[in-house]
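First subunit A sits with subunit B, and in the next complex the same chain sits with subunit C.
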Partner chain A sequence: MHQVRLHIVEFRGFEKFIQGRPYWEVPVMVQRLCGICPVSHHLAASKALDVIVGAKKLTPAAEKLRRLMHYGQMLQSHALHFFHLCSPDLLFGFDSDVTKRNIVGVAAAHPEIARRGVLLRKFGQEVIRVTAGKRVHGTGAVPGGMNKSLTIAERDELLKDIYHIVAWSRDAVHLIQKVHIQDPGLYNSFGIFRSNFMSIVGHNGDLDFYHGTLRARDDNGKLIFDGVDYQQYDKYIEEEVRPWSYMKFPFFKSLGKEHGWYKVGPLARVQNCDQISTPFAEHERKEFVDYAGGTPMHAPLAYHWTRMIEMLHAAEVIKDLLHDDDLLSDDLMVEGERKMEGVGVIEAPRGTLFHHYRVDENDLITMANLIVSTTNNNQAMNEAVRHVARRYLNGREVTEGLLNHIEVAIRAFDPCLSCATHALGKMPLAVELVDPEGNIVHSLSRS
Partner chain B sequence: MTAPLVVFAVGNPSRGDDAIGPVICGRLAKWLENEKLTDRVELIEDFQLNVEHALDLQGRELALFIDAGENTPAPFIFEQIFPSTAPSHTTHALPPQAVLQVYRQMEGTEPPPSFVLCVRGEGFELGAEMTPTALGGVEAAMELVERLFRKPTLADWSA
Partner chain C sequence: MTAPTRKLKVATTSLAGCFGCHMSFLDIDERLFTLLEHIEFDRSPLTDIKHCSPDCDIGIIEGGLCNAENVHVLREFRKNCKILIAIGACAINGGLPAQRNHLPLTTILEEVYHTSPGLANGMIPNDPELPLPLNKVHPIHEVVKVDYFIPGCPPSGDAIWKVLTDLLAGREPTLEHGLMHYD
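Then we have the complex of A and B:
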């Protein structure tokens, strides 16, 4: 086997879609880039445009409302991934009948787990609805702040459920921890590869999904850079174009293309921060770090464990925010000296998300560069699939077993394949085995 | 009070013919307002269907899922659907039948009678306009949709 390539075919046209638009339209329109993480794009764009409108520091109310929206999104996205996408693998095994390996199968065999998954997801969606104004196409965040606060009724409605949400999130961490620890031979080694990793970290090195500075470590956990203002991201990160893929391959400039690629997302974030500011999640982080033995854990399936630690943290932060009266304040907007360029970065559910814009004197976007989380993980996902193929490919045919294992490896990263449309009949997964001359030896697809 | 009828209109307005669902949803909203039927029908627009939409089926008499389809018959298919465990390789989205199945598993009862209106689309690129095929399909589908909501009963929808 010479090469394994993961093609995600829908990542194109982002920048063209945005260029030429008035900057104030951008936080709303970028939500249409992705139906799964519209809030991530909404907030990353808003942060970049904060810079352009000169909003150096948001009001406390605006910052907390955005944070609430974002943590609601983290909660619902992580819940969906765990209970819908990965729990079928974990509860039934990777080789189980494909017709069972979905949320419907989970609901049949483990109704309470499935029910909690749906309700966690629903709660996160409600947080988004009350902060963004609508269930989809929300307009909550605007350059310089927010355009609505919470009503007392909206806050109280969320407060009724948040304690269950925290408790269920703790249970979810314990469930995945148990599954992982019970089968270390599989969970510590499946698709494993070592790599650098990166995320933003907040004040004092806290885990922070909304704001912070860039920190990167090598595969041993040694710092590569730290405290980097993300307005300068392009001094540290470069994107390589390869002829066979629409997705770019980012890498750290200081290490070069070959050694500078990295992973992002929950596994990176939980190991990159120094601590988590909420007590239950911090306890679980320490458990994870202890299990890893004091060195970074690189196993892709450990993404699931860390994702649930993050979901717990999101639930705890939402609980704390709901007790903060700033959410009810109408002091929502600031402005300052107009700039022509801005960068916004957040930690989206799948990893670090960059939005970079230039605007002309007519307020039109002249340049847009987006590095989405799945692009940041591009090489890492290729590596994971490569390792799975080495282990499970017999060299002659693509078997159902191989397809299953490739799916499991890809799913660990939770890539945002759904930037594609969801029209009925689309989104197949196809695996092709190609000989040295480029002829397809065998293929298998699943729609 | 829960409206007895629910419509799920699915799609991304900025991805060419994926806008079929949202466009029909917008036109249906105006029609319902003119007909003074807004209390009877809840319209839910989303990029895709997912597990939480099972909760939106609670307390309904009828449900209609409107979506674009690729390689599906033109101008549209309209048919009753039932809970199904159709496999899905990954995806952050569920087909309508799986939403019904999640409802069945969560609630322990059968979901309300549900129908899908799948209008054929041909282009789904980001930033693309809707194709003539899709626009024609929307017109044809609207005639059906108006007829359906004039007589929203299982017998009439099944006829």
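Then we have the complex of A and C:
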């Protein structure tokens, strides 16, 4: 096999056309990069602009409301990915009938699993609606704080359901844990490759999706850097452009292009943190770490297990926040000394997300740089594709079955190609079998 | 809705959109299961079906047109779907991606792939596999006939539900106050 690559074929150019716009438009503009996790872009942009308006520390109410919004999003996005998109592969097998291998097939064969998936997602969307005003592309966060707190009625409505949500999230962890453990030959090795990994971690090394410092480890779990203030991200990370993809390839500067690439997202986060602050999710994290045997797990399919641990953690955090009266407070805004530049970083459902802006004295954006979660996973996804192709390619023909397996590997990363090309979320896939002279022996593509 | 004699085939896609309209479609929540008694999904991000069947009843298009491939997919939908619906701001008027229209395409590519900070190398991706970007982002009705438009960024799950249930019942779709909005 000569080469297998994931081409990303869309280009939109957000970084350029938001230049010249007033900075306060940015949190509502940039979330239109992605309708699947718009809250991530909304909040990463707001955090960068907090720096620019001099809001060093948000009010407790504003920070908790943003957290609630973000953890609601984590819940809905992880539920969508697991139940709507992946459970068909996991429950029916990668090669099963294409007409059944979808959420409709799950609804027919496992109605209770499908129903819970829909209701988990619905709950997360409702958390977003009450904090941001609507379920997709809301307006809750503003530079320096929030524009809305929760009413008692809104809070009580969510409290009614949260205990089911926590319980169902636990069941989801146990479901994927069982599926994984029953078939270690497949789940521990499918598409496996070793790599560095990165995420932000919170206080004391806690798993934290909203705020923290950057931590990276090598494939053995040894620290590469830790405690890094993300305002300095550009001293640690650089990006490469390759002619065949609109998605860039980031890497750690200290290790260079060849060895400095890494993975992000649930599998990175759950193994990068020292502990999880909520009891049920911490218990599940320990089970996972024990299963991995005290060394980092690199199997792409283990993303599913860790993703469900994160969904459980999100549910538990939402439960705790809903019992906090700060959510009802109207003390929502702070400001301070105006700055010209700011960086905002957040752990989006798919991994670390960087937003970087410069603003001139007329409040207009002069520079924007975004490194989105899926871009951070670009090289990692290409590696997974390459490994699966090597293992499952028979002879000189690219088959539908091979494409299915490649899709399963890519899907484990939950790629949001919408964000990554700053374009859209489908999975255009072209596999070309090229001989050493560069002649195409066989090819098959899907878009 | 009464039980159908046959299920209607619905195909959906996102062109130069953000998938937010598809998320809103899923925001019909549990009503999805009711809908599935009346429709089946053909080509859609929810299935692994890669091309429209020739006898689709309803095609739903999110997003405008930003490259040659978008145009190709749109034509495939129009050819194979009896009713074509443009859903959301981008399909209807280009939406946010069309904000690049006042800039030359090369200027944007230069900015993103040559002058943006933190780049190890500068080059504009040019592999023949990459579909050609269009000079401007276009709404879909400039290229094919569109039967219905559901506005909003995104339209709510309720609005999408209303249009689909109207069509399933054989009524002309209407959106009342509260469901019809531009944002």
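Assume the second predicted complex is superposed on the first by the 413 of 447 C-alpha atoms of A that agree within 3 Å, B and C clash if a C-alpha of one lies under 4 Å from a C-alpha of the other, contacts with A are read in each partner's own complex, and residues count from 1 in each chain.
Convention: a residue touches a chain if its C-beta (ideal position, glycine included) is under 8 Å from a C-beta of that chain, and two chains touch if they have at least 3 such contacts.
This is a predicted model, so every value here is computed, not measured.
When the shared chain is aligned, no partner comes close enough to touch A:Pro296: not subunit B, not subunit C.
Once chain A of one complex is fitted onto chain A of the other, the partner contacts of A:Val136 extend to both subunit B and subunit C. In the superposition on chain A, A:Arg411 makes contact with subunit B only, while subunit C stays out of contact range. Of the two partner chains placed by the overlay, neither subunit B nor subunit C lies in contact with A:Gly212. Shared-chain residue A:Lys16: touches subunit B and subunit C both. By the touch criterion defined above, A:Gly344 reaches neither subunit B nor subunit C.
By the document's definition of touching, both partners, subunit B and subunit C, reach A:Gly35.
By the touch criterion stated above, A:Gly72 is placed in contact with neither subunit B nor subunit C.
In the superposition on chain A, A:His84 makes contact with both subunit B and subunit C. Of the residues of subunit A, those at positions 12-13, 16-17, 29, 32-33, 35-36, 38, 80, 84-85, 98-99, 101-104, 107, 114-115, 118, 121-122, 125, 135-137, 407, 418, 423-426, 428, 446-447 touch subunit B in one of the two structures and subunit C in the other. In the complex of the two chains, the subunit C residues touching subunit A come out as 13-24, 26-27, 29-30, 32-33, 36, 40-41, 45-50, 63, 66-67, 69, 73, 95-97, 99-100, 103, 107-109, 111-113, 116-127, 129-131, 133, 153-154, 156-157, 183. Contacts from subunit B toward subunit A in the complex involve residues 10-18, 44-52, 54-55, 67-72, 85-95, 98, 101-102, 105-106, 118, 121, 124-127. Interface residues of subunit A facing subunit B in the complex, by the touch rule stated above, are 12-14, 16-17, 29, 32-33, 35-36, 38, 80, 83-85, 98-105, 107-108, 111, 114-115, 117-118, 121-122, 125, 135-137, 407, 410-411, 416-418, 420-429, 446-447.
Those residues of subunit A whose C-beta lies close enough to touch subunit C in the complex are 7, 9-13, 15-18, 29, 32-36, 38, 80, 84-85, 98-99, 101-104, 107, 114-115, 118-119, 121-122, 125, 134-137, 234, 237-246, 248, 251, 257, 356, 367, 369, 371, 404, 407, 418, 423-426, 428, 430, 446-447.
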